[in-house]
Amino acid sequence: MNYTIFGESHGPAIGVTLTGVPAGLELDLPELERELARRAAGNSPLSTARREPDAVEFLSGMFEGKTTGAPLTMVIRNTDQHSGDYAQLRTLPRPSHADYTGAMRYDGCNDYRGGGHFSGRLTAPLVAAGAVAKQLLAQEGVFVGAHIASVAGIPDVPLDPTLDQRAALSAAAAKDFPVLDDARGEKMRAAILAAKAELDSVGGTVECMICGLPAGIGAPDLDENVEGILARHLFAVPAVKGIEFGAGFALADMRGSQANDPFYSAGGEVRTRTNHAGGVNGGITNGMPVVVRAVLRPTPSIGREQDTVDLSTGRNAKVTVHGRHDPCIVQRAVPVIEAAAALAVCQLLGI
Amino acid sequence: MNYTIFGESHGPAIGVTLTGVPAGLELDLPELERELARRAAGNSPLSTARREPDAVEFLSGMFEGKTTGAPLTMVIRNTDQHSGDYAQLRTLPRPSHADYTGAMRYDGCNDYRGGGHFSGRLTAPLVAAGAVAKQLLAQEGVFVGAHIASVAGIPDVPLDPTLDQRAALSAAAAKDFPVLDDARGEKMRAAILAAKAELDSVGGTVECMICGLPAGIGAPDLDENVEGILARHLFAVPAVKGIEFGAGFALADMRGSQANDPFYSAGGEVRTRTNHAGGVNGGITNGMPVVVRAVLRPTPSIGREQDTVDLSTGRNAKVTVHGRHDPCIVQRAVPVIEAAAALAVCQLLGI
Amino acid sequence: MNYTIFGESHGPAIGVTLTGVPAGLELDLPELERELARRAAGNSPLSTARREPDAVEFLSGMFEGKTTGAPLTMVIRNTDQHSGDYAQLRTLPRPSHADYTGAMRYDGCNDYRGGGHFSGRLTAPLVAAGAVAKQLLAQEGVFVGAHIASVAGIPDVPLDPTLDQRAALSAAAAKDFPVLDDARGEKMRAAILAAKAELDSVGGTVECMICGLPAGIGAPDLDENVEGILARHLFAVPAVKGIEFGAGFALADMRGSQANDPFYSAGGEVRTRTNHAGGVNGGITNGMPVVVRAVLRPTPSIGREQDTVDLSTGRNAKVTVHGRHDPCIVQRAVPVIEAAAALAVCQLLGI
Amino acid sequence: MNYTIFGESHGPAIGVTLTGVPAGLELDLPELERELARRAAGNSPLSTARREPDAVEFLSGMFEGKTTGAPLTMVIRNTDQHSGDYAQLRTLPRPSHADYTGAMRYDGCNDYRGGGHFSGRLTAPLVAAGAVAKQLLAQEGVFVGAHIASVAGIPDVPLDPTLDQRAALSAAAAKDFPVLDDARGEKMRAAILAAKAELDSVGGTVECMICGLPAGIGAPDLDENVEGILARHLFAVPAVKGIEFGAGFALADMRGSQANDPFYSAGGEVRTRTNHAGGVNGGITNGMPVVVRAVLRPTPSIGREQDTVDLSTGRNAKVTVHGRHDPCIVQRAVPVIEAAAALAVCQLLGI
């Protein structure tokens, strides 16, 4: 299964074309809509004021409620654009946004309105594609879930990485603010609102677990490596700047005797006592949960005046972003990370 | 340019087949050998006692000292195998090695001797391929360099990420132990030897910088994303468990006002005052140095007895690794990370 | 540039998603519509009675009249479906159609109405994609044109393959019935109508020429071979059952001394006196026009009763096709072959 | 399974790197050598005087007689080069060879000796790769066989395309001159020798049948189309200039009522009474044998003086080819076509 996300924030529509979808999946549309609702801004003061229904139209690949096996295209119409907000961005690129790199890459022809094809809004079709992927994986007994691991330096409670955590992660997914521990979540919310009050934004991390994968998926080589394939998909999520598996960067400071995951036999099944490797050895799954963490940078859109360069004159200038934006996108990124991971796992399984 | 690494640690040979190599490159063979020597164990007490000359034979793709444009295959014969050391690995997988996952993936048919195709020895042809990539990039004014960023929790001095650091990194590359600050390097060496004395190993991080890339390379989409392409290549390096760009995981705890990189005009050229984004916005280069860091887990081969499962009986068992191994592979990984990054940059540039 | 055609004949819409479109192309929409009109059935008695406007909506990838460089999705709504005509096809597959193979491939979940994703109607978005490709190629001085080479055994006049024929082929393209010689065309039309009167159909061949390609494009290897890339694209056109370059199958009966194309110097430029190789030697262009011919089988939809198997019972049965269909699709296939060839040439040129 | 052929005719070696080979195949080496012997020139007056043992060395991917699943590299050393024969080719390209296009493509850096990477000698590793593919397919009950369909205008007897012909094609494969009818074969040999006596060469066609494929393999779309995938692989065989399926180009002159293949039930199994479609409808197999024919142009190397251009001066010149060459390569191409087809079928089956 391959996917192509298309669309621009202020164009007629956004959407996704999936190829290689297996035929005969009875797509659970309410479930797909729930996934989209998790990503949507909702009415929360934590998120942008932009409100759109994210109603998905299936243009192809569905017949009598089932996938046909032919390419599946889903489209979401754009309805709540305020294009006027963004006119200045043509010449005054926002720091750490893609306004400047987009102009350089596309010779100034990119649709700059609202970030165009770079907009976080493009994660809606990614979530829709991920919902298809998740439903296919569920048929194979594979689950993909995630939670906020930290916001603004405040960590959620740790997740035991040696256990199948689908119950805990499903419970988190049902929340407005998807953490394991709501008390920690309250502190995170407070930190987000504090940043918002100061016209600022905060970042965080999302932890994703894939449960139910058998041992022996993947390969050490470039094109089949489990970590490489997950990373490739996760870095396509806007704002992700780092990926780590298992103990990740903490492994740098560990000894081998600590970092190694000893094997033991659990009723004939081979398991490991710890899961510092995040379920992957030599690019191949070992049957333990796959654990991957992504860092999401603070939203670059902040209400403060910032330094920039006027591209029309080449001179230093100031820019203040007036559009609607999120003081934190970590909570909305949780289903997006799950979607990207689910699409990666489909690739790994040859789905 | 695509590459396929082939070979097993104790098979007849290891090597690499490169396709899409531009014709007419006058390959600097002494330079290629220097790269291989950086990776080789040398005579250091820090590394494995396995000694092999890593002599490269070109089977194809070279004519009269230049690349022909046809597929280029380089082969390195294996000569110093002690296969007897590894016979027990068939049934007693070493913790956090790929013995178990390899057996599961390949139905027990993988060459288990010395790690087979999973062996760190396979990084020799990767370095050879990377040497070709680096020479091609040099023609475009692009430089790829790296240094040890930390070993056993001891950091090297930081590298200013807003400056072209090719001089500093070239100087580091010429050292046996590639750090910027030799005093820090001495502490790292001491930590490695201390771990070795305790039959243990240590991990660390490598920081890589790509200088000379223009703004406008890459795209936000899955197949062209700068971060995704670099990550895909870097995760194919054994022992890498995490990748981060710019400030990376530290961005999780920053505010947007700190994390954003303000633009300024430097004689008409657009630059950023900080480089927390690691030279990439929206999956596209912004003209600043690209900075990527990888974490390398501690070598899983340690001289201590460890818990495992006997795959022939399904029962708990013990394994002690007697083969030759490295107490730390971070210093040897520096040219390997450079090689993988250089191959990724070739992909980005359509070379 | 890659493309994915999506949609089903009787679904909500058909369309295409293009990726890797260079930014900044000022798309000539009237020209794109002319290409679609060439493919459309028109009012001719030679074609199906299905009439649809083929109005293209751009969902993404266009801004201020130019391509943005982001994925470009074009959609054509289906409006003139008579789905009732096709209900029997679910169990009674039409001979030489894809009803049976589609059911086998997609476990009976394919949209069988009007051929579903296999319908010739899906060539409309292919022509739209090809129109984008042609306009990109025109910027490079490359032209792709075609004409009917034969229908029902009646050949058009031959095209001198050693000359740039863009004038002759552009003239043919402007005709309702795209032949070089109208007298021959009249005979072909008569043969089509004669077949139609007998509730039958006829096949034919289309000859395509690519002018303006420099020498040195392509490679002998699997992924870059000019002939392989063109064939891959052309066989994706429904009804194509064979592809040949230059003298093609006639080479089987020639001697080397006849088949070889002698080189000569034309004011310093290297040319060949004949073009039996169709502009390609060793998988690489030689600077002469690339000449490729495709055979299109007679339309399998004929009004006669035919033998089939009832898939619901496994027993022999009869089927009579009552839907609207074309007694010949060769004339409508000419712009489709051009489109597929143009997309192939974009791949060859790295566009 | 993907493959990369490497090597040049007069370089140190030729070979192939296969990736994605399933683990655990007990490779039948004598069978692989028999395949190579079928392609080798032998002692026949019909072929080149170049004699090489084509001894295959496995560098990787094999352990204890079985494939390991890791990349498999096979190498054949070049031993019987007469490089002096070819020195003139640097400036005097042979008509209809790739000397000129190779020089243009690779900026004059290609190894021109003996055709370099374009040499027919490179079909030896292709046959070796195909032998691996065939053994994998045999495990699935799939057979790939071929015979000479014509040489110099003399046809072999026709093969009934509705029947599984593995017995007849295996019998042909065991012959020095792989035809179904030896009397026809004698006439072909005589035609080859007659051409050779006149310092000329002849072409022909090879017919290939794939038996045992179930219905439902492939898809109509660009990347999965059965005909497109086979064509892509077959056009990578040197000298192939056309490909047709089933009745192929003869379909151009047929009526739909003749060309359609009526379905019938054979004990519950759906079959077709004729097989004009060559076992493929809508890009998907229908369970009948897949029949594909390739045309091979006459060997461009002939002993006569021919017109060319001196690339060093740009002026018209003469060239006479003195190297060893074949007056006909059709008989040697039979196992090569089988190999390419077998590799294509592996791609279709996801092997």
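By letter and in written order, the chains are A, B, C and D; residue numbering begins at 1 in each of them.
Criterion: contacts are C-beta pairs under 8 Å (C-beta built on N, C-alpha and C of every residue); 3 or more make two chains touch, one makes a residue touch a chain.
Source: prediction; values computed, not measured.
Chemist: Among the chains, which one keeps its Cα centre farthest from the Cα centre of subunit B?
Modeler: So the chain farthest away from subunit B turns out to be C.
Chemist: Weigh A-B against B-D on C-beta contact pairs and write down the one with more.
Modeler: Between the chain pairs A-B and B-D, A-B carries more contacts.
Chemist: Distance between subunit A and subunit B based on Cα centroids, please, to the nearest Å.
Modeler: Inter-chain centre distance comes to 27 Å.
Chemist: For subunit B and subunit C, what's the span in angstrom between their mean Cα positions?
Modeler: Comparing mean C-alpha positions, subunit C is 47 Å from subunit B.
Chemist: Distance from the CA centroid of subunit B to that of subunit D, rounded to the nearest Å?
Modeler: 40
Chemist: Give me the residues of subunit D that touch two or more other chains.
Modeler: In subunit D, the residues touching two or more other chains are 4-5, 19, 69-71, 105, 117, 219, 221.
Chemist: Where on subunit B does subunit C make contact in their complex?
Modeler: Residues of subunit B touching subunit C: 19, 69-71, 219, 221, 223, 350.
Chemist: Can you list the subunit C residues touching subunit A in their complex?
Modeler: Within the complex, subunit C contacts subunit A at residues 4-8, 11-15, 17, 19, 23-24, 57-64, 66-73, 75, 105-111, 116-117.
Chemist: So in the complex, the part of subunit C that touches subunit D is made up of which residues?
Modeler: Going by the criterion above, the answer is residues 3-5, 93, 95-98, 100-102, 104-105, 117-118, 122, 150, 152-153, 195, 200-205, 214-222, 225, 227-229, 231-233, 235-236, 238, 240-249, 251-265, 268, 270, 272-273, 276-278, 280-287, 295-302, 304, 306-309, 311, 314-316.
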